[in-house]
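After this come two complexes, each holding chain A, first together with chain B and then together with chain C.
Up next is the complex of A and B:
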């Protein structure tokens, strides 16, 4: 039985740039089911990153409604929205965005520590997740001692450590070579298939999008295509 | 280059108006202090020299008394007889209150021989004539203007026997060949002045003209031999050295204060420029890619700093001028008036402007050099690609830095220890060297701090922060050491301010506690009567008849004449002379002694031929208990057996105490500066005071003070000095607060993306605030604890060295209240000023921050 986990209704987001108003997202309606791997594609400036920011609650829409896990984000305070992110949402960014002063293990444990999980328990869980991304050996290394692919795997581990209902990935392979890219995409796909993880990924790379089982193409802030595909098998 | 400056540097300065303004303010405050201290010192010295030159007129040489009430008039003929003396003009002088109606002012009154005096001084009479009769007075235009005097007006002048009335018969301008300005000045006939100021048969000065062809040095030597200690001879300007000595210790402390605020200003420049470079890393790399050469990049950054430095210097000049006017006025009111100095004319010379600009510019460029070098090191490609792992930390060159820091701390400390005076006083050059060495120790701490900070963080701060604030504390303490040089610089700014606060303030606390304890023992009278200032310099002496009148007032049990003044010793240096009638003194006071017993000493003093000296005199002259002290006097050299070493709190370069009978005999002076009274019934002190005022108040200018009032007055002198210091401390703390806020802004700015990540993974705004404030708290803890420790060290050094500088011994007292305040500043200042950057960090737009590179 399918369950809608994220839904946006007639969402518009405008930015002021110079004197004029730019409409990055223009009245989009969209629903994402639990367990889906949605790839959002589009050219640069098509509004795909903005859409991801809106769906994840990092930004608020100018108009329209975003419902995440049954919560209308517009009605939540900043702290409540932050808590929702902390507990139910994971992020993977193009530029990894690890904290350079923390080791790989500590970076992964960070969301748990923020949720006041005991340090020993947080370390234990972080170590488990690092194992699933194949980095148990590098747990005590700082980010500057890791390769790009390894850093991204740490970032994914961090995103998964509190078992989020939703994982948002913004160009997760945009900064990686092809071998590392494939590793990362396979890792994401595996978490979807094995753990039923819902994933919403923004990419401009068709090969990456092929890992999703639904590909939405944006053009000028609107949905141009929304296709269910047969995704790459892992 | 100019175009580059206009398009890039100037625009970047204007683009960040708030930050540029903060930097300009920081430098401005530092320069303000430097300018204010220099101008105040200049104004005081200029006024003093002008007055000396004014009264000295054309005199080549001057004969003055070495102590007390002048020297015998017979010396005039002896001096005249010396070969090479063309003219010798006698004078008697006294600072004295002058009353006209309700108005009163202090003027220098000169007793002159009108026939001869014009050889030395020019009196350009604008009205009337010079005094011809005994009750006639000619006044300077300043004195006439101050009191609104016209020819024929009658004024009251305070003399040793009380008020005397004189008639204004002339008003004159000073100028022409007279180099200086006399200020409020009055001239009466010599004989009348001798009578009014209790100097019958005596003179205060002989102004000498050297005959053409004679060498002033040989004439001076010949007169010196002739006088043989009965009076001193020298050039008029030699007297200004004494004033400079008095000012030196004040200026030394003030200079220290200005160095501190300049130091803090430098930190602001450093953090601001560092922040600007960090922020424009990408721009600079693009410029480098487009062909900007390394030295052009360096120039670009330094030119921004130089612009702010110049603006700060300009601001500092303006403020410094204003502050100097206030300071000069305050110091004039507090104690300079005693010397006849009106230091109200603060003059800003070209030299001051140049110095201020050079300091402002120099400090800014020096402080910006480090960050500018980092800008130069930016490679054209480095910042072109977004890099997720940011440049992590600054290179600290750990070992070399640690060694340099330790050397900078150890070598000066060892030098101070090695040059610590075993005997004698601390010469001024050595004192200045110590100042420089103390600054070197401070620099050593600053150099060492970036290396010590990460270690201290690992062992102390991080565990503490984690225990208190969990993971946000951990992040805060980690952030602290990511730019160790900058974090150290910020902590150092706070450290220096608090060191200053605890060190100088602590010295004040020690000084006051020592003084209070001394006062309780040494000053035991119920009432003290004087006719003008009790202090050194201009005061009107009291006639012995006045003592007898006081004794006769009902309710007075005892009246003891006391004499205080300056004496110039055989080595040419001044000391404080106090003369008591010890038969009476032993009934109301006990002089605290460092060596010798009071009962034995007071017996010996009573018998005569004995003296007490302070440790400073003992060191200066190499004398101890039981040795013989030789003093110059108008009746030749006098010998006194030293029967005790006084505890000295006065700080006038050492104190000598003699018995009245010896003093009267050798100095031929029966006047006193004040009279100590014991009251028969201590409950009736007020009634006795009123009885005295009723009996004598209309005929003389009486100041009758209770024991408590006198204590408050003396304390007031200390307090006004330390109030000024408090003001400086406040400025220094303000500047270090700015530096901390600045560093935190830089820190937040550089970590925008990290803050974005934290927010994205679910860190609440309040928690982001905690991370930033945690970093601030760490800075406060490091700077605060070091500052407090160094401040206590500084206090100990001050207290220990004061004895060698001013001759006043001090006990080291822990300044608890100040320590409490310092801890408060350390714990609260940083988090308080951190609120703004912290809130800014918390309000960063998550998506913008994530995009930020």
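Up next is the complex of A and C:
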């Protein structure tokens, strides 16, 4: 059974710089099914991050429609959009974006506290998710006491702690060596396979994209190629 | 000419661990090479034939009948040959002998749009192949088994080679676009 979980229609995003206009995303149509793992590739400046920001509601399009979990984002106020994101969207970035003064556990629990979950329950759930990423032993470590791969696993735990319907990742392995990258990608793949997690990941690394069921290549803000890589028998 | 596959030394290495029946060697060799080389039984037996003639292995008659029931055993000079081979100096980089290089090379000044088409279709093939290799890697048990480790290392090598081919296509695409009028 397929169900469209995120959809964008004729979406364009322009940035004004001085007198000129940069069209970062140029009239893209795209639908993502629940449970899909989509990899987005393309050269630097081709619009990958902008597309991710538009699909996740972090940025609003200049033109076009974005529908997330049945909500037309254009009809939502900024507050309503923020709430929708907090509840249903997880984000993983290339540079982890962990708060340096908080422990791994506190970093993971943060989204729950922002959603007004009680502190004791938040800590319990954060501990659980840390365990699924294999870091229960590092719960009390600060980010600067962790390796890059471990920091990224904390960031993934933080993104997953809300059980988001959609997980977005922008170059999650861009800053890691090849073996740590593989661990991160295997972890993402496991959450897809075992929990049906929908994942949309930007990467410039074809080895990382090969974990997706679908590889989309952007060129100059447009979809140049949309390739299904799942084996024929599903 | 393709560089010869190290079938001879692969077989010597397998026999160094313990003597084996001929039919076992085919299966063991496939495991060792991760199934990437499509060797048939005939190639295994013809190589064993040569090893026998050179005195690197000996043949014991087994209990049953037929070729498959004979036990191959490494001789001391077979062991010496294997040790020498394992301690060889580093290998030369392998030659570029992919047909794609030649086809693309011929197309650049003949039909540049056909060259772009070739790049596109070839790129798809490589992405699909990398996805398949990755599936195989994910399907491996994360255990202590040395066979799985060997297989994983081979899959890594295969993935990195396809990645290099893919990057080369991107470079071609970029450079062809630049010289285009």
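Quick note on the criterion: the second predicted complex is superposed on the first by the 230 of 234 C-alpha atoms of A that agree within 3 Å, B and C clash if a C-alpha of one lies under 4 Å from a C-alpha of the other, contacts with A are read in each partner's own complex, and residues count from 1 in each chain.
Criterion: contacts are C-beta pairs under 8 Å (C-beta built on N, C-alpha and C of every residue); 3 or more make two chains touch, one makes a residue touch a chain.
The structure presented is a predicted model; accordingly, all values stated were derived computationally and were not measured.
Superposition of the two complexes onto chain A shows chain B and chain C fitting side by side, with no clash.
In the superposed model, B is the one of chain B and chain C that contacts more residues of chain A. Once the two complexes are overlaid on the shared chain, A:192 sits clear of chain B and of chain C alike. With both structures placed on the common chain, the touch criterion links A:103 to neither chain B nor chain C.
Of the two partner chains, chain B is the only one touched by A:111; chain C is not. Once chain A of one complex is fitted onto chain A of the other, the partner contacts of A:91 are limited to chain B, with no touch recorded for chain C. Contacts of A:83 after superposition: chain B is touched, whereas chain C is not reached. Closest CA pair between chain B and chain C after superposition: 25 Å apart.
When the two complexes are superposed on chain A, none of the residues of chain A touches both chain B and chain C.
Chain A contributes residues 53, 58-59, 78-79, 82-83, 85-87, 89-91, 93, 95-102, 110-111, 113-116, 143-144, 151, 158, 175 to its touches with chain B in the complex. Residue ranges on chain B touching chain A, taken from their complex, read 386-390, 392, 470-471, 475, 478-479, 482, 753-754, 756-767, 845-847, 850, 853. Residue ranges on chain C touching chain A, taken from their complex, read 120, 123-124, 126-128, 130-135, 138, 159-160, 162-163, 166-167. Every residue of chain A that touches chain C in the complex is listed here, in rising order: 186, 189, 206-207, 209-212, 215, 225, 227, 229-231.
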